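Next come two complexes built around chain A: one with chain B, the other with chain C.
Moving on, here comes the complex of A and B:
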């Protein structure tokens, strides 16, 4: 099941040129761009691991692209996303976020029901991938960065 | 200006019955002429530097013409090394280079990241690589200017981390030629030693430009430009005094070309301010505040030595 999170997630995966253009747009707005990765695709997982520090003083997207490539190469079968943080007053929040790398196989989510008192049923989601220990969650080296 | 046009015109001669490009139109459309004229106006002297910039401009224009005809156009390597004595304008020209290369469409952004050894080389093992890479990332798309580049290599300490920075630099200079122009600057003799011990660096730099010392007339022209830039003006006798000052100063040790002129003018401003302050009982008009008089310059220690 294809993970749809953040911007452009219902479009085909962005090409490198398209990523460059998006990143350049963010830099032109004066936003700081960061790269993050995770193996836990749960929508409530907001704490992805940071790939280096957010880049505050870049002018050209090439610097970010170098980091994205390095992250993809190190984690070809994990999710990698790019964030753009707007520090200006009134926003002080993430303005852009999109996925730039995903595992070759995404097992998807299970709907978990739990029955409570009075036959009340609670629902939650669980990623099939997180059923395994971290090193076994995705096939090794099949993602986009492996190419 | 005309030099560049001539160079271009000679290239423009079209081969019979093949598609042609109007280089003249490309030239006027690109605004290169204006840029070169501005450079001529604002930079005094520096003949070899201007010639080289003109050649680069011509090359980039021809590349563009080749591309429009579907010929192969490899972007030329534009890494440069500026050598010359103190105060010959290396830093000034490097800072301008970004504007020129951006105007020529060679680099994507009009920005210069100026660094020295401290910004590239770390203090402990494993500190240098991330530091150098950070600087390179920041410079991407523009010009990376490394002042006093010879400090990067310290032969007396074989475990110096400078070598690591040099290797990362070399890698990026080779791999990211379309993303980054690296300009090294430093004094001639020290840069020569630096290149001798880093042959890889020497061969990856296509343009070695030597900055000549200024002549007295050029220095006076520079003084005039500087005074204008600071919104002052010379009284007519003061300009003659400045000429004498330059002649005296050039003969003395530790003469640093345009930098000495800047320092002299700063001191002349001090003396002018002091002179006005001493006579503060009288009201001063704008003219007095603007003018540097002969006595402001003649009082310099240079004349008595």
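Moving on, here comes the complex of A and C:
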């Protein structure tokens, strides 16, 4: 199940050239670009692992791409995303977020229903991947990444 | 203190002799008055009856929206009356509209109850609009002082927190109103919710008149909708929502419905403007206490916002609603089926979204309006828009907006999921192209066609709707003099 979080998930995976252009756009707005990765794609997981801090002082798209590539090489079987942080008035939040790496297989989520009083149903989303301990969630054999 | 200085006793006696005086003689016309930072300011478009001088008409509006009545009353002298009288301080003719004038009026802060839209509106529009000496009266804009703004909650959630809760950044949000407007059973309704969310939209929406009718009771709707929402979340990994309409006949019923929506785990509820300002403020307080996004449908507004000659401009309604505390408001599409001149819409969107809105007559903004830290209100564009207009929508409306394609999703020839996917792909590809520096206004159609090559749902959407436009003359366009005027 292709995880469709992020602002470009319905498009074919971005090429490095396309990622560089998006990074350049963020830098042109004065935003700080950051890289994060995770093995827990639950929609309410706000805190992926940080690949270093947001790159406040790196204003060169190629330099940012090197960090993106470094993260993807370190965690080839995990989700990796690029974010841009805007510190300006009225925002002080994330302005861009898009996925740049995915596990080869994305097993998706189980919808657990628990019947309550009346006709109420309580819903829980459980990622099939996080049913396994961290070292066994994604990837096959060697290189199974852990976050 | 900036009031008219106390006159000698003989003048006071003359002023308060029983009988009828012109409003401008009673102190409501003060062309030398300097508005204070703490004054509430309003600008009205007035059309006096023949034979009524514009300054007298402006003074009458000031009087009848503050302390005056049609004859002198001695009881005025028991009060600090000069403070409470609204002051008409300026009258300008409306360009190209003989017989119409813009009248600027200042109101003392103490005329108003803290934190009450009901009181603010009862004061400003509660009395004067039926006044016989005026053929027409329209409230065009207001300046709310920071001192008054800070007594209001403002949006319960706001754009930033909404995005953080949805974990969605970098693009407009997508929604769809359920169609047909009325008649679906709960199970069938929930099916449409599921299909649209699974296909790629962030939200679906109850229509304004879906409350609780014989064909679908509200509890059943909520239960089936949440099944649809959660199924779609599991199949996409995204946070999704559907605006559960809690509008009801009484406040108690509304609280009951909102509580049920919360119990079922919805991220958002909706209300209609017709519930009234008091109910809207109550719901905004409830929404903040319960971590719920509050969507407002502006039901009924165009009965009084559309004609330039009489009524209230929607930019004022939007301002009041941001103060009252809703998180979403329908604010116009420009290119869709409902009224919306591009410059007027821009002024309205700025009023919703900006932290400070400077005077801009080209966008219908008459006063500088700081927003004093009140959260930013997400505008919603809904009504007759489709994927083929995505480049225009993104250009006119920007990124912090919810784009709603009801018919444009559900009417897709290959089904609802395909309709949703077409809209999502069109949006993402347009945002990507904009970020890359492409000229999306001119290259938009080409960008969409390129994406349609690999996205069959988009191809079908463009084939079905590409040529649909709604080209009619706007009934509510702007009148202004393009030469700079002093900031007010």
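One rule holds in what follows: the second predicted complex is superposed on the first by the 136 of 147 C-alpha atoms of A that agree within 3 Å, B and C clash if a C-alpha of one lies under 4 Å from a C-alpha of the other, contacts with A are read in each partner's own complex, and residues count from 1 in each chain.
Basically, a contact is a pair of C-beta atoms (placed from the backbone, for glycine too) under 8 Å apart; a residue touches a chain by one contact, two chains touch by 3 or more.
In this text the structure is predicted, and so the values were computed from the model without any measurement.
K.L.:
Would you sort A:21 into first (chain B), second (chain C), both or neither based on which partner it touches?
P.N.:
Only chain C is touched by A:21; chain B is not.
K.L.:
Spot which of chain B and chain C makes contact with more residues of chain A, would you?
P.N.:
Larger number of chain A residues touched: C.
K.L.:
Using the superposition on chain A described above, determine whether A:104 touches chain B (first), chain C (second), both, or neither.
P.N.:
neither
K.L.:
Which of the two partners, first being chain B and second being chain C, lies in contact with A:67: first, second, both, or neither?
P.N.:
first
K.L.:
Contact-wise, after the overlay, does A:58 reach chain B, chain C, both or neither (first, second, both, neither)?
P.N.:
first
K.L.:
Using the superposition on chain A described above, determine whether A:93 touches chain B (first), chain C (second), both, or neither.
P.N.:
In the superposition, A:93 contacts chain C only.
K.L.:
Spell out the part of chain A that touches chain C in their complex, as residue ranges.
P.N.:
1, 3-5, 7-12, 18, 21-22, 25, 41-44, 46, 83-84, 89-98, 108-111, 119-123, 125
K.L.:
Which residues, counting only chain B, touch chain A once they are in their complex?
P.N.:
Those residues of chain B that touch chain A are 108-109, 111, 136-138, 140-142, 176, 179.
K.L.:
Over in the complex, which chain C residues touch chain A? Could you list them?
P.N.:
For chain C paired with chain A, touching residues are 160, 163-164, 167-171, 200, 223, 226-227, 230-231, 233-239, 263-265, 354-355, 376, 421, 424-425, 428-429, 431-432, 435-437, 451, 454.
K.L.:
Can you tell me which positions in chain A touch chain B when the two form their complex?
P.N.:
55, 57-64, 66-67
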